[in-house]
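Each of the next two complexes has chain A plus one more chain, namely chain B in the first and chain C in the second.
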Partner chain A sequence: MAKPKIASDWMAGCAGCHMSLLDIDERIIKIAELADIRATPITDLKEPDESGVDVGILEGGVNNTSNEEVAHRMRKRCKLLVAFGDCAVFGGVPALRNFFTLEESLRRAYVETESTDAEGKIPQDPELCKPTRVRAPQDVVPVDLFVPGCPPDPEVIYYVLSELAQGRKPVLEGDKLHWH
Partner chain B sequence: MVAQKITIEPVTRIEGHAKITIRMNENGTVNHAYLHINEFRGFEKFCEGRLVFEMPQITPRICGICPVSHHLAAAKAADAVYGCPPPRPATLLRDLMHMGQVIQSHGMHFFELAGPDLLLGFDADPAVRNVIGMIAANPELTIKAVELRKWGQEIISILGTRRIHPRFAVPGGVNKTLTAAERDTILSGLQASIATIQTGLQIFKQWAEQHSEDIAKFAVLTSGYFGLVTEQNGLELYDGQIRLVNSQGAQLEKFPGEHYLDYIAEHVEDWSYLKFPYYKKMGWPNGVYRVGPLGRLNASSHIDTPLANAELQNWRAINNGKPVENTLYYHYARLIETLFATERVSVLLDDPDILSTDIINTHHEFKGEGVGVLEAPRGTLFHHYWAKPNGQLERVNLIVATGHNNWAMSEAVDSVAKTYITGPQITEGLLNRVEAAVRAHDPCLSCSTHAIGQMPMQVEMFDAHGNLLQRVERG
Partner chain C sequence: MIQLTIDGQIIQVEEGSTVLQAARAANIHIPTLCDHPELTPYGGCRLCLVEVDGFRTPQASCTLPASSNMVVHTNTTKLQEARKFILTLIFSERNHFCPFCQVSGGDCELQNAAYDEGMANWPISPTYNPYPVDASHPYFILDNNRCILCRRCVRACSDLVGNHTLGMEERGARTMVIADFGLPLGSSTCISCGACVQVCPTGALIDRWSAYRGHVHESDVTETICIGCSLGCGIQVRTRDNQLLRIDGNWQTEANEGLLCETGRFQPMVENRQRITSPMIRKHDQLTPVTWEEALQEIAHLFNAAPGGIAALASTRLPAEALYAFQQIFAEKLHSELVTSTEEGKTTAHAAALARQIATPFEARLDALKQADCVLLIGTDLRASHEVASFFFKRKLLLGTRLIVIDPTPNPLNEFAHLVIKATANSDLFQTLQTSPTGDLATAAQILAQASHPVIIYGEGITAQPSANALQALVQYAHHIKASLMNLKGQANSLAASQYGLEKPFVLKGQSITYLALGDEQPTQHLIQQLEAAPTLIIQASHASALTARAQVVLPVTSWLEQEGAYISFDGRVQQAKAALPAPTNVRTNLAVLQALANCLNLTIENTWKEKLNQSTPAVQIA
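And now, the complex of A and B:
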């Protein structure tokens, strides 16, 4: 049997979930043996294979038009979509922005902040994505598996990855839902 | 020939999102290349109304790669807001945690991110030019690199319970002492870590000898240099004063971090969500400077630990005692700092106060305003809070490490594009050069965004009517 293909990407988060993945330390070698690691932030491939992958993993919430594209692309190209970490499960800390209007947040950052000079302005360029309300990926595309934690514990990540790498859907319950 | 625009997108595998556009002249030469930082999260707004003591937990979520920097900068700002300077043992323990982070972050960048380029080559097959390719090519070294990162992470975890987003620093000190057994556990990994860093230094020097031409023409920029130093201008990462030197190494300013608003300001460009800090007296853009490992070594006169200081002498010789301007030497500076951080762990663990139980100052003299400054792995980090007497935040201002290097990264991309693109033909080599221009800075673009691994890219060239002329993909 061919090794399962796994791809990952990140959106509005802090990269801590992918760092926690690296915190499985030398066991990363074991995962690389069991699975075909495709496009991820720690490998060199551009984006999930157009021909599809078995597992797609998303870190972070969706807070702009660019993230929307990433979420849709991953959903389209993977069989099983994993929401990886609290931001991907429910929006996480970045979702605190929803208590303010986008205009208020942008003005604070680019005009009002004490260190911004008198020429401050809200960046606007056709090359830039547009910020949106912060949403969890499941509000944008269907998600199949949720791995909570800020970040998820490396032990849980190792369990989840090794199950997925062996073609099984991990069951998260009890201690595996308790992060500390 | 019509004027064209080349888009490189995504410049992903940096934390957050960025892309590069290259504007071409009608004769096929580069007019200007832009690095667009394509993410906005808004921490400065949504922290308003939160309580000051929550900030050491909220702000690490800016960046999971250097969460300890935000954790500690927030705690330092909170110390100042509440008027509760920590006792000496607490400062030592925070410094120790910070060194753990510098080691894990710098170590990971050199071995696992830049390493594939240096060990496997810029022109190696992109399909294997990554950490998994490293495992196959040099398993022994890769495992050592994983262990170095692990050692740094374990220091963080011993003090703060967990490796990422630890809970340790609180206003006035820290919430846990270090036991003798924990000290010995950390010490047991010291020699192996030093050996791994020395191996890294050998790898870099060998690489530099073989690639002197690349180093000499690759984004050599003239700027000021900025970083914390000790009273005697030695390299400092946790406390101290900020020193700014000019491109010749002459001191322009030396000031306490809390006065930063008198010295630096931030410029905004329409084409990027990341602001551009500069030295106020010289104005934008003349007052640009660089931070991070290269900026810090250029801004300091010596290092207080012997092995790192010996290596610094080799660094000084590169440009005859003047600041080193070559962007690719960031990698060398990063290793020298990793060596310093490792030696510093040993100094801290030998301090008689390190096992003290005097770890928190509970006496508050509420000030209502406070600045926390330290050297994050990628540069100087500022947290500035204004709070009501009940501890609720009214305003928050943050200047993050990678922000200071925004000009340098943008300029490096432009410089590399102009050096290497001389006609309409785009090659994979170009993609990798442009990528390396950003990666050398180890940017954290969510802190403002962070290079994790190679940046896969897609370059498309269109004519003025939007017809696809050429498409090159790496991935």
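And now, the complex of A and C:
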């Protein structure tokens, strides 16, 4: 049997979940033996194979039209989609801005920040993606597996990856289930 | 008894039990959120749903009375799905994002419930409606975004404390916990008892000190008693790395049934007096740190050259062991004429004298108050002195218990009273009440006569009078109407100080030295004024004050959370306090200081504090 292909990507998150992934340390070699690790944001190959992968992992919520593209691309190219970390499961920290209007958040970020000079203005370039309300990926594409945690614990990540690498769907319960 | 079947198990319970209680009695776990063992069932969260054969829909087990031959199922697939759906609705309604909540990780009942159901996500997106955060209160914060509308806080405020400050406004998703009719908590009728914070299952009500400083399982918990007054409330002190995090009421102790007042729960958190950490002697008009040896030698030296004798004054916040050691050193061994307490017997002396005279205790215990259907307060400000005691009748006022206040000055409990009589309580008043009352007194007499468990609580309005006549008339009147009589006394060890004879008025008669065992008591203005006339002052105290500033010798002692010892409650319960925090180095306990002083003076003192408590008939049975 061919090794399952695993790819990951990130959207509106802090990269902390991928850092927690690296915290599985030398065990990543075991994962690499069991699975074919393809595109990730921290490897040279950035986009998942057009020919498709078995497991797609997404960190972060969907924050703008660019994130939407990333989410749709991963969904289209993977068989099993994993929401990785609290932002991808619930929306997480970025989703806190949903308590304000988009206009208010942009003004705060680009105009009212203490470090911004009088020239501060909201970027309007038509080439830029459009910000949206922050959504959990499940509100944009169907998600098959949820791995909550802020970030997920390396032990949990290792368990999830080794199960997926061996073609099984991990079950998170008891000690492995953390939302924080 | 009723017999019912839960998950195939046949269970017998008392009539009137709920299905939830029946399941718990049989160790069958039903998840709950709005339920709290100390609160009236409310049926708000629906997490405790069960299926009952013959019932069309699942039922909330917390409010469903168990009935004969009921067949109940607690964990069917339908119920598991229902519980997940209920939790999903709760999570998606407000800001229940766990990563930035202080109770996440073990202390949140909502999160724990979701973990128990194996939920890795919630499938419905949140509404993202912002709700107000009320941070106007000095001790805690109400964050409506974290609220699950379980009403535990509202029920604690009304059903346990009887203060009715918290309530709900609006309907449906807009429902919110509010104080009074929408006032900020900080300017509401809240009495800062903190019961709401103690029962909150989520991070909606958080105190300002323990928040974000570690979970319950990471901290140490010491079960001890509060020494804020003579009630002796049971408390659980949470500490971490030798720092005080939080004080909770102990649900298991009878004195307070889990409730506390501002003094017990929050006062220790805002303690900001300067600590004394070394013995000091005044040299060249300057307090200078010295060794314990030097300080004790200096005291011995001063004692030996005291032509006018020594006056000695002890705080009634000291443990009984220390008070007895103090009494032996100064009264028995040094034969000082003026040995008393900071309370000067103002809350106890008349009652103690009367008890000795009639050779029988005449005061009732706290149980009487819990059963009372009519409470008469005479000259006592419970709000200021013994607030938790007032909860036991305040919470029953809407259920028929009557409250009468007799006080010459406005009493904070007047607003709860059915009848307020503005009068000084003297012997004439009680004679009138007994024989020929008119007007309000007639109404009061009638209410008292109709009660089956009347309780009279008297305070300094009677005990601090120069003569004992009023008390004698009151005791006679209480006997006449078969009322239980209570005197909540003063500070934590009022009764012990009284039994050790430390209850004379403090009047200096030329004594050249005053020894003040102040402990951690905050000296009153009255005490500071009284001691202005004292020529030489020696103080053992935990914190700096106007008195330590002018003392000749200062000995540093532990504060109440750092020392163990016995405390005798107002109704004679002997309780043991435990140390919850370590004392600073070079600081000794009050007892250790008095023992060292006795050694230095070559005096032998006994440790028979318990036997001596009953050397004379107390006003209330000591056990």
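Here, the second predicted complex is superposed on the first by the 177 of 180 C-alpha atoms of A that agree within 3 Å, B and C clash if a C-alpha of one lies under 4 Å from a C-alpha of the other, contacts with A are read in each partner's own complex, and residues count from 1 in each chain.
Please note the rule applied: a residue touches a chain if its C-beta (ideal position, glycine included) is under 8 Å from a C-beta of that chain, and two chains touch if they have at least 3 such contacts.
All values derive from a computational prediction rather than experimental measurement.
Among chain B and chain C, the chain that touches a larger number of residues in chain A is B. In the superposition on chain A, contact is made by A:A136 with chain C only, not with chain B.
When the two complexes are overlaid on their common chain A, residue A:V93 makes contact with chain B and with chain C alike. In the superposition on chain A, contact of A:A83 is made with chain C only, not with chain B. By the touch criterion defined above, A:T113 lies against chain B but remains apart from chain C after alignment on the C-alpha atoms of chain A. In the superposed model, A:S51 lies in contact with neither chain B nor chain C. In the superposed pair of complexes, A:C150 makes contact with chain B and with chain C alike.
By the document's definition of touching, of the two partners only chain B reaches A:S105; chain C does not. In the superposition on chain A, A:L177 makes contact with chain C only, not with chain B.
On chain A, the patch touched by chain B and the patch touched by chain C overlap at residues 92-93, 96, 99, 150, 180.
On the chain C side of its complex with chain A, the touching residues are 95, 97-101, 104-105, 111, 114-115, 118-123, 125-126, 128-130.
Considering their complex, residues 9-10, 12-20, 22-23, 25-26, 28-29, 32, 37, 39-47, 63-64, 66, 92-94, 96-97, 99-100, 104-106, 108-110, 113-117, 119-121, 123-125, 127-129, 131, 150-151, 154, 180 of chain A touch chain B. For chain B in complex with chain A, the touching residues are 7, 10, 12-13, 15, 17, 19, 21, 34, 36, 38-42, 44-49, 58, 60-65, 67, 108, 112, 116, 126-133, 135, 139, 143, 146-147, 149-150, 153, 161-165, 260-261, 264-273, 275, 277, 284, 382, 384, 395, 397, 399, 446, 450, 452-454, 456-458, 473-475. Chain A makes touch with chain C in their complex at residues 83, 86, 89-93, 95-96, 98-99, 133, 135-136, 138-139, 146-148, 150, 172-173, 177-180.
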